[in-house]
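Shared between the two complexes below is chain A, which has chain B as its partner in the first and chain C in the second.
After this line comes the complex of A and B, so read on.
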């Protein structure tokens, strides 16, 4: 009896140790990446790096200003495309709930959520680059917008579901027409949740490279025209990292750092937004 | 007037719902349409041929199918003990408090790092390490290859798998656990005989979802797998996955058949990840109801 008891206790301690060991061990590569990114990244960043265009091969110096601008343009364009459609579809799901179209829509967003980003790049190539015969910022944003869409649909639906039905009933009882009830009462009440979804969506697409490889394509110049190829930070990281020049590797670390900070800022903003404007009823 | 506006509003909602559905349908349709030429020229042998030589017009997707299977299953294998341990650690031992918060923040931070940066890090840190290991083992020291790609993939999917696992473990009703404790069970016995059986399907779903991730992951793999179109003969050999061959060759595809072959691979990738994801989501949905 005592023997058995000791054995069980031993197994318990042993397994606890094993779980703790593997958990802590798993942090090692993750922290290693972070450490490397910060160490190499900060060293590469200076004023010139952030505000100058790339120099031709062989000349050292230069910066990634065009890529920072390009990433911002891509984010703005894809957000403009994805947000209205996503919110509309999200409201539909929250309002209609059941039915054939709702079922299909749910299935569709599930499918989009799991679609590998490279496939979206292929789609944008077929839909935009091929007919227009040119790589373009527009094509890149189409790919990113499709990627963002399911997150916005889901966050809109989840948020609106949390809003108490009494709020809607009160508005309708006062004689407010249905569309005004949704637009002026329900949507503002769920504003923070939807905004969080959008910010998380942006954080997800900001660092994406695969859908941009053959859509936005990259460019060494500063480009503001959405119908021309455009540079982006993730593309710079990829191209510079696979180049044979140590100076470009240094710049790739710098670009990685800027990109990570950007993604973090969006993630953090989403977190703070949820906490600050949490729906309380 | 108001009546009309209500109708208009409802119609525009329905329209956006339809647009999303049509978007997905159109995606499938274009992939199928553009993939047709390669199936017309090579038949379904496209999936089974081992030779991929665009210059001679030979397109067989088998090397990439095997490459994807090997990298993603190896990655799953490497990551499993770690993600399970984190899931138990955060779901059972420390499900609240400062340590839990620290781990949650670290993992969400690391899940936010773009995959191209994982690839970059892998290329400059992991590849030299693997090369040293390969010299010790006496295999050709490429450094890049299936093994390296699996390592970087496993690092990338740990946070994801762990967070799904933590969630399903925390769904286990505390009455069940308390009942077992009341009978004198140790903590490990509760984990082994109450939590695992209850969360089994959820953990399986988490594994499926991270498998879907690993299969579709492109950039990190592309950067460390070595870009080699031969049928992989060893775990340390350079190879290509479905995603990485698209990333590497799409802009070089000069002929229509070549492009169509790459699009057919994209279609395959799309179908596989979709099936895996839908099954995984279905299991989790059933569990949380």
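After this line comes the complex of A and C, so read on.
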């Protein structure tokens, strides 16, 4: 018995040690990345970096103001496109559940979810850039919106499915028409879950480079026109990091840092929003 | 029996091919409380949901036969209008979790887009909460979420929400089965008081409850209406053997 107990205890300790070791091991790269990003990025960041346009090659200084504005415009445009569509489709799936259209919608969502982002860029190129004969913020937003869409559809569907049927019945029994029940009772009850899905979707697309390469394209100027090429932080990182100039490498680190902070803010907002507006049934 | 408000003639209800109500013929008297009793699964909830046209929203839900509301054919009316005239309270309290107590009571108007002046709305809310004896308990917290209330208070809030629409009939589906004895007594008291202004149809498993609140009682068994009559007569001298067995606790 004692023998057995000792052995069990030994194995237990060993296993605990192993689990601990692997946890640390998997955290190491993450910590390393963060450490490196902060170390390299912080140095590049100053007021000029955040508020000025880029300088031509050879001149030192300059900033990424146009890219920050560009990323914000791309996020706003793609959110405006993806949110109504995604919520609509999510409602349909949660309400109809079965049927041919629902099946197709689900299939489409699954396929979109697994489509490489560069392919979405190609699609936006064919749909928007070619007919309009110009790279544009609009084209970039279309690519990002397609990428965001499945996330919003899924989170809306999952959220609405968790809302008890009794809530819908309560409204219907008061003589509230079906569409008003959905809009005024079911959607508000699922607000926090849907918002979380949207914020996580934004966090996901904010750092995407591939879909922007031949849609938004990038621009050294400050552009507010959605029909013109526009800069974005991931594009700056891509272009600067692959350049031969050490000064640009430094700026690429700075842009990476700003981008990471933005994504982090959206992730945190999603967490806080979920808690703040969560509805208990 | 006096005036009838709801009458059914050869009423059948189905879920797909499954027939759960068979040839129901009954006439529910106005301004009285009618209890519907019977063992679990006999179709009590389904019968209530036929009256306010919720049954047809269930997957596969279908009705055959006739239901009359006063002198009109209820099944040919607009279901939305029927549901505003016939209110329903469910087994589990289901206040709207996103709304305050005040908004919950006025929800029937707000959700339907019916415009009311602030004064009129305040008045409706106060009246409804007074009818359900909730006013004194909540008048200082009208703008808190309805879900903060206790179970019994929530159920009274749901009754107030239904009453605010001024329905002609109020359907109650085991309204006290999720409540403790004190809250139950409170709601029973309330039902007796409400009879003056609204016809009550209440599903209950408790013979005691039917005895305390109901003027008439219907006994359903396996989807059939076995017996319907004044509660006292039904309890003391049931005509059918199955009613007698149910009342003596042989099944249920």
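Note that the second predicted complex is superposed on the first by the 258 of 281 C-alpha atoms of A that agree within 3 Å, B and C clash if a C-alpha of one lies under 4 Å from a C-alpha of the other, contacts with A are read in each partner's own complex, and residues count from 1 in each chain.
Keep in mind that, in the parts below, a residue touches a chain if its C-beta (ideal position, glycine included) is under 8 Å from a C-beta of that chain, and two chains touch if they have at least 3 such contacts.
Not measured: the values here are computed from a predicted model.
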Contacts of A:57 with chain B and chain C, given as first, second, both or neither | neither
Touch check for A:185: first (chain B), second (chain C), both, or neither?
-> second
Contacts of A:272 with chain B and chain C, given as first, second, both or neither = neither
Would you check which partner chain A:162 touches, where first means chain B only, second means chain C only, and both and neither mean what they say?
-> neither
Who does A:177 touch here: chain B (first), chain C (second), both, or neither?
-> both
Dual-contact residues of chain A (chain B, chain C) 177
Report the residues of chain B in contact with chain A in the complex, numbered from low to high.
-> 2, 5-6, 8-10, 12-21, 23-24, 27, 30-31, 34, 81-86, 88-89, 93, 103, 106-110, 112-121, 123-125, 155, 158-159, 162, 186-189, 191-192, 212, 215-219, 223, 243, 246-247, 250-251, 262-263, 266, 269-270, 273-274, 276-278, 281
For the complex, which residues does chain A have touching chain B?
-> 8-9, 11-12, 15-16, 18-23, 25-27, 29-34, 36-37, 84-85, 88-89, 91-93, 95-96, 101-102, 104-105, 107-119, 121-123, 125-127, 146, 149, 153, 177-179, 182-183, 203, 206-210, 213-214, 217, 234, 237-238, 241-242, 249, 252-253, 256, 259-260, 263-264, 267
State the interface residues of chain A toward chain C in the complex, per the touch definition above.
-> 164, 166-167, 169-177, 180-181, 184-185, 188-189, 191, 279-281
Residues of chain C touching chain A in their complex?
-> 52, 54, 57, 80-84, 87-88, 90, 92, 94-98, 107-108, 111-113, 147, 158, 161-162, 165
